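You will see chain A twice below: alongside chain B first, and alongside chain C after that.
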Partner chain A sequence: MGLLQELIFGLVTGSYIAIAAIGFTLIYGIVNMINFAYGEYLTLGAFIGFLAANALPGPLPVAVVAAMIGGGIVSIVLARGFFTPINNTGPVPMLLTSIGLGIALRNAIRLVGGRSARYFETETSTFRFDAIPDLAVGPVDLLGGVFVTSEHLIVIGSAVAVFVAIHALLTRTDVGIAMRAMGDDESLARVRGIDTQLIRDSVWVLAGVLAGLAGVLMAVQTNVSADTGFSHILQILSAAILGGAGSPYGAILGAYVIGIVLAVSTAFLPSSMTGLSSAAAFVILIAVLLVKPSGIAGTEVREA
Partner chain B sequence: MSSDITGRVNRRTLLTVVGGSGIAGLSGCVGFGGDGEGGDGGDGSGSDDGDGSGSDDGNGGSDDGGPDTIVFGQPGAQTGSFDFLQPGVSQAADAAVRHINEAGGPLGAELELVRRDTAVDPQEARTVTTQLVENDDAAAIVGLFSSEINPLWDFLQDLQTPVVTPWPGSTFLDTRGGDKGTPDDVSDDEWVWRTVVGDTVHTGGSAVYALEEGFETLGIINGNTEGERSYVDGFLSVYEENGGTVAERVEVELGSSSYQSALSRLFDAEFDAFLVSMPQESAITALSDWSDGGYGRQPILSDTLAQQAVIDQVGSDLHGAWAASPGRSGPSYDTFESIYLEEGDAEINGWTPPSWDAVQVTALAIERAGEATPEAIQRNLGPVSRGEGTTVSTFAEGKEALANGEEITYEGAATPVDFTEHGNVFGSVTISTAEEGGFVETTEVPAEDVREYVAEGEY
Partner chain C sequence: MSVLDRLPSGHGDRALIAGVVCLLVGALFALTPLRVQLPSAFYVFVEVGILFVIYGILVLGLDLQYGHTGLVNFGHVVFFAVGAYATAMLSAQDTFAGIGLGYPWPLGLAVGVIAAAILGAAVSLTSIRLRGDFLAIVTLATAEIFHSVFVNFEDIFGGNVGILGVPRPIAALVADGDTRLVATLLVLGGITLLTFTVVTRLTHAPYGRVLRAIRADELVTRSVGKSTITYKTQAFVYGAALAGLAGGLFALYNGAVAPGFFTIQVTVTIWIGMLLGGAANHRAVLAGLAIIMGLRLVSRFALDVTPVSSDVFASARLIVVGLILVAVIRYRPAGIWGDAQELGVDQ
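Showing the complex of A and B:
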C-alpha cells in the first residue's frame, strides 16, 4: 500500500492521541502539573462507557456521552480530593501525587473490574477507494488505492469536532479566555478578578470529559481493561511535549506528528526494526526538542 | 479577588489521605496472594491462600519422622496477558493436590499449594519465587512462563529449587534444564523441567501441517517479546528446513491501538498464509484490523489464540484459521479429566493437563526420594518419569508401587512425561480450526511424526 494509506492510519492514531493530549496539556498549562494519572482517567472513561453501553438503551453515542459526563465527574472529584489541597506546593509534589494516584487507580480498577478484557459490540464497515492511481517515487508509492473504515471516520470526526469545540471554547467564551489568561499568568489573571479555582475546576472537568471520549474510542478499537489508558500515556505525554507543553494547538500537532511517524516508520523501517516504531516517534521528539526546546508550537516550557 | 491560597488543608490531614491512598494502591500491586485474585474456580483443596501461613509447620514432624506439610509454590498468571489461561491451570493443580492428599499425601504429609500472582512480569516473578521458597518453604515450584524463566535463568539456577512448570514453550529451554541424564549427579543439573511440549515440538507440528496443506510461502506478524519470537523461531526452524519460505516478517509492539500499518506492510508481500504470534488481546486488535482491511489469505494462529473469545471478537472472517497446540491426550488423560471435572468448571486449555502432570510427577519424586528437599526432588524427577518401571498414571498408583519396592514410570495426562536429558517432554500436536461455534480439533499430528524433525540431544 502507498504512503497515502499510511497517512490515513497515522491520522487515525494521531486523533486518538490528540483528544487525550488536549486534556493532558490543558492541565499542564493551567493547573501547572504533569498528571501521570491521566491514563487512568481514560481507563475509567472506557469502563464507564462500557457499563453504559450494556446498561442503557440506545446506540453507542449514548454510551460515549455517558463516558464523557462520567469522566468529567471523576476528574473533578479526584482533583478536589487529591490535587486541589496541594495546589500551592508546586509541580513536583503534584507530579508525585499523580504518579501515586495513577498506581492506586490502576490497581483499584484491576481489583474491581477483574482481569479479563471486555469488548464493545460494534459493527465496522469498510470503504474502499481502489481507483486512486499509483504515483511511484523510487520504491515508495505516494498514492494508490486506500480504504477507511467506519471506526476510522468516527475517530477522525470526533477529533475534528473536539478541535472545533476547544477552539470555540478558548476564543469565544469567558471561561476559555480566562483559561488562556491563567495559562499565561495566573497572578495577573487573579488581579483581573478571575476566580482561578473555578477555572481550575473547569479545566479538570474538561480534561475528564476529553479523557472519557478518548477512552471509549480507544476501547472500541482495542478493549476495555485496566491498562487501556496506561498503555497510551507515554504517547499522550510525548504529543503534549512535542507540540509545546501547555498548548492545546501544539498538542494536536504533536499528536498527529507522533501518529504519522508511528504509521510510516512501521511501513518503511527495515523488517528487523518494525517493532521499534514507538522508538522512532521518541527519536523525533528528542530531535525536535534539541532544535526547539519549547516544542513545535513554541509555548514556554514550564518548570516541572 | 480570589485568594492565592485556594483552600487551606491541614498538612497532617493531607499526608494521611495521600499516604492512605498510596498504601491502598500499593496493596493492589503487592496483592494478597491467591485469594485476592480469586474467583477463578481454583481455590479448592490446593489451598489458594498465598499468605505464607501454610509453611509454618513444614518442618514439623509427623509420627514417622517425615514432615506434616509439604508446600509446592505456584507462580501464576492471575493478572496480565495470559490470565485467561490461569483458571484451567489452577484448577488442574488444585485437583492434583486434592487427589494426592486423598491418596495419603507424599511421605504421608499434607501437600499444600501456595499460589502467588506474577502477572507474567519477570521482576515480579523473581520476587514471587523468592517469597515462595524463602517465606513459604516451597520444596518445588510448579509454574513460571518462558518470559519469566529466560531472563531469570541464572537466578533460578542459584535458587537450586526444582521448577517443574506447565507453561514455557520457549526454544531457550530446548537444551537447558533437566538432569542431563545423570540423576544422581546434581552438579551438572539445571533446575528447570517442563511438562508441556516445547515450541520446537508443537510449532514443528504446525509447520509440518502447513506444508502438508500446501502453504509453501508465509507472512509472519509477531509481538516483540521473547515468547512470541520463540514461537516463530521454532516454527521457522522446521518450516524453512523442509522447503518453506518466508516472504515478509513484521514485528510489532504489543498493546497498540492499531496494527493497520504493520498489516499493510505484511500484505504487500506475496504469500499463501500468514502466521500470527501475539498475546490474545493484541491479536484480537490485529485480527480485527485484518478483517476490517479485507486482507484475506489463510491465518495460522499461535497456540494461545485457539480461544472462543478470538472468534467472537474477530468474527466470521476468522473461520478456517487454525492453530497447533500441545496435544491434550496423554496416556492418563481420562483419569485426569474425571478428577479435574469434580474440582470445578474452568475450561480445559493446552496448559491444563501439563499443570496436573507437574504436580503429580513432583509429588512422585518426593515419594521415591523419601524426603522433600529440593535436591532430593531434583534427583528423582528423572527416575520416576523415564525408564522401565511399573507404569503409573496417578500419584495413588505410584505411591502404592513404590511402597511395594517397585520402580515406577509416570505416564501423564498431556504427554507420556518421559523427561529428556534437558527436562523436556514430547507429545502429540493438536490442530484446531476456527468454526462458527469455536475451535474444533480437526487433526492430530502424532508425537513420533514431530520427533523426526527434532535432532537427538537438541531437545
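Showing the complex of A and C:
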C-alpha cells in the first residue's frame, strides 16, 4: 500500500480521535482535570451503540443517536457521583480519582460484556482509485492506488459536522460563551453571574455526547470490547496536549497530527515493529511537552 | 536491663537490626544444609510475601518521590522494568530470545540499578519542571513507550517471551523447594528492611525536611535559598534507582523477565498501596501495600470456594481496587495512617 492510502487511514483515525479529544480537552479546560476515565466513556458509548443497533430496527444513525444520549447521561451521572464532590481538591487528586474510576469501569464492562470482541455489521461500499501512478522512493511508495470506503467517509463527515457544531456552540450560544469565559478565568466568570456549576454540568454532558459518538465511530472502525476506549486514551490525551490543553481547536489539529503520524509510521516501520507506531504518539507528546509545553494553541503547564 | 530495653527506639534502627537478622537467617538456610518444610497452604502466602517485599522497595522509592517531594510519578513501573531487563540481559545464559550476555549476576544487578537511575535522571532533567498532572502523563507515557519497545524489539528484548535463563542465586544454592522459598523471602525481606532504614535516615535528616518543604510550598523553599530543582531531581533519581534495585532482585528471583510482569497494573498497585496507607510515612505505605496485596490472597482463596471463573474474579477484584482508590482520595486523602496536616490535604 502506498503512502497516500496510509494518509487516508490517518485522516480517518484523526477524525474519531479529534471528536474524543474535543470532549477531553473541554473537561480539562473547564473542570480543570485530566480525565483518565474518558476512554471508558468511549467504550460505554460503543456498547450502548452496539446494543441499540441490535435491539432497535432502525439504521446505524439511530444507534449513533442512542449512544450519544447514553454517553451524555453516563457522563453527567459519573461526574455528579465522583468528580463534582472533590472539585476543589486540585488536579492531582482528580486525576487519581479518574484513574481509579477508569479501572473500576473497565473491569465492570468486562464483567458484563465478556472478554470477546464484537463487530458492528455495516454495509460498506468501496470506492477505488487505481489510476494514480506509483511513485516509489526506496521501499516506500509515495502515491499508488487508493480506496475509500463509505465508512471512512461517514467518520470524516461526522467529524467535520462536529467541528462546525462545536464552533457554533462556543461562539454563538450563551452556554458556549460562558464555557469559554470559565476556561479563561473561573472566578471572574462567577463574578459576572455565570452559574459555574451549571456550566460544568453542561460540559460533562457535552463531553459525554462526544464520547458516545466517537466511541461508536471507533467501534465501527475497530471493534467493541472492554478495551476499545482505553486503548485510545493515550492518543486522545496526546492530541489534546499537543494542541494545547483546554483548546478545542488545538485538539482537532493535534488529533490529525497524531492520526497521520500513526498511519505514516506504520508505513515506514518494518512489518515486525508496527506495534511501535503507538509509541510514536507518545514520543510526540513528550517532545511537545519539552519543547513547547503550552502546545500549539498555548496554555502554560509548567510551574517554574 | 533486658535485651529489649537496649534495642534502639527509632524505626529506622529497628528495621536495620531486623533486616540484618533476616539476611543472616536467610543465609543460614541458603548456605547450610538446614531445611524447612512448609505446609502446602502456606505456599501462596510465601509467594505473595516475596512479591510484597519486592514491591515494598518500589513503594518506598515512590514515597520518596510523591510522599516527600510531591512528584507525581505515574510511570514507576518503567524503572522497575528497566532494572529487571538490564540485570536479566547482562546475566542471562542461553536465553530463548533476545540478548543474554552471561556476566556474573552481581554485575547485572549493579548495572540494573545504574540503568534505572540514568533513565530517572533523563526523565527528571527533561520533565521535572512540569506541573503535577502533566508530569504524571509524561511518566505514564514513558512507561508505555518502553513497554512497546520491549514487546517490539524481539531480537534485543525477546518480545512477549522476554529474557529467559536469568541466574537465580538462591535457587542455585538451595535445591529443596520449600527452603528456597523461605530463604528467598528472608533475604529479599532483609533487603527491603535495609532499604527502609536508608530512606528513613534520609528523610529524617535535614535533607528530608527540605524535600517535605518542597512538597508543602515550592516557592517558599526556593526563596530561602534551596535549589528546589536539584532536590527534586535527586529525589526522583533515588526513587528510580530503588525501583531498579527492585527490578534486578525480581529478575534474579523469577529467573525470567517478560513485558507481562511490567504493566501499568504494577504502578496502580503501588500507588493505591501508598495512598491507602498514607504517603510520607514509610511504615504506612508498606502497610497500605500489604492491605492491597492481601486482597490478592483473599481473592485467591475465595476463588477456590466460589463457582465463578478466574476471569470474572480478576475483574471483580480490579473493580474493588479501583473503587478503593476513589474512596481513599475522597474520604481519607491522607491515607489510614498519614498526617493530613503534614500532607496539606485537609478536607
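Brief remarks follow.
Definition applied: the second predicted complex is superposed on the first by the 278 of 304 C-alpha atoms of A that agree within 3 Å, B and C clash if a C-alpha of one lies under 4 Å from a C-alpha of the other, contacts with A are read in each partner's own complex, and residues count from 1 in each chain.
Here is the rule we go by: a contact is a pair of C-beta atoms (placed from the backbone, for glycine too) under 8 Å apart; a residue touches a chain by one contact, two chains touch by 3 or more.
Because the structure is predicted, anything quoted here is derived from the model rather than measured.
When the shared chain is aligned, chain B comes close enough to touch A:R190, but chain C does not.
Once the two complexes are overlaid on the shared chain, A:M218 sits against chain B while remaining clear of chain C. Residue contacts after overlaying the shared chain place A:A263 against chain B, while chain C stays out of touching range. In the superposition on chain A, contact is made by A:L234 with chain C only, not with chain B. In the superposed model, A:Y119 lies in contact with chain B only, and not with chain C.
Once chain A of one complex is fitted onto chain A of the other, the partner contacts of A:N88 are limited to chain B, with no touch recorded for chain C. Of the two partners chain B and chain C, it is B that touches the larger number of chain A residues. By the touch criterion stated above, A:L285 is placed in contact with chain C alone, chain B being left untouched. Chain A residues 82, 85-86, 97, 100-101, 103-108, 110-111, 115, 272, 275, 278 lie at the interface with chain B in one structure and with chain C in the other. Every residue of chain B that touches chain A in the complex is listed here, in rising order: 1-2, 4-7, 9, 14, 17-18, 21-22, 24-29, 36-37, 39, 78-80, 83-84, 223-224, 248-253, 255, 257-258, 260-262, 264-265, 267-268, 280-281, 284-285, 288, 292-294, 312-313. Contact residues on chain C toward chain A in their complex (touch as defined above): 72, 74, 126-127, 129-134, 136-138, 140-142, 144-145, 148-149, 151-154, 218, 222, 228-229, 268, 271-272, 275, 311-312, 314-316, 318-319, 321-326, 329-330, 333, 345.
Touching chain C in their complex are the following residues of chain A: 33-34, 82, 85-86, 89, 91-93, 95-97, 99-108, 110-111, 115, 234, 237-238, 241, 272-273, 275-276, 278-279, 282-283, 285-286, 289-290, 293, 301-304.
Those residues of chain A that touch chain B in the complex are listed here as 1, 5-6, 9-10, 12-13, 16, 81-82, 84-88, 97, 100-101, 103-108, 110-111, 114-117, 119, 124, 126, 128, 147, 149, 151, 187, 190-191, 193-197, 200, 218, 221-223, 225, 227, 231-232, 262-264, 266-267, 271-272, 274-275, 277-278.
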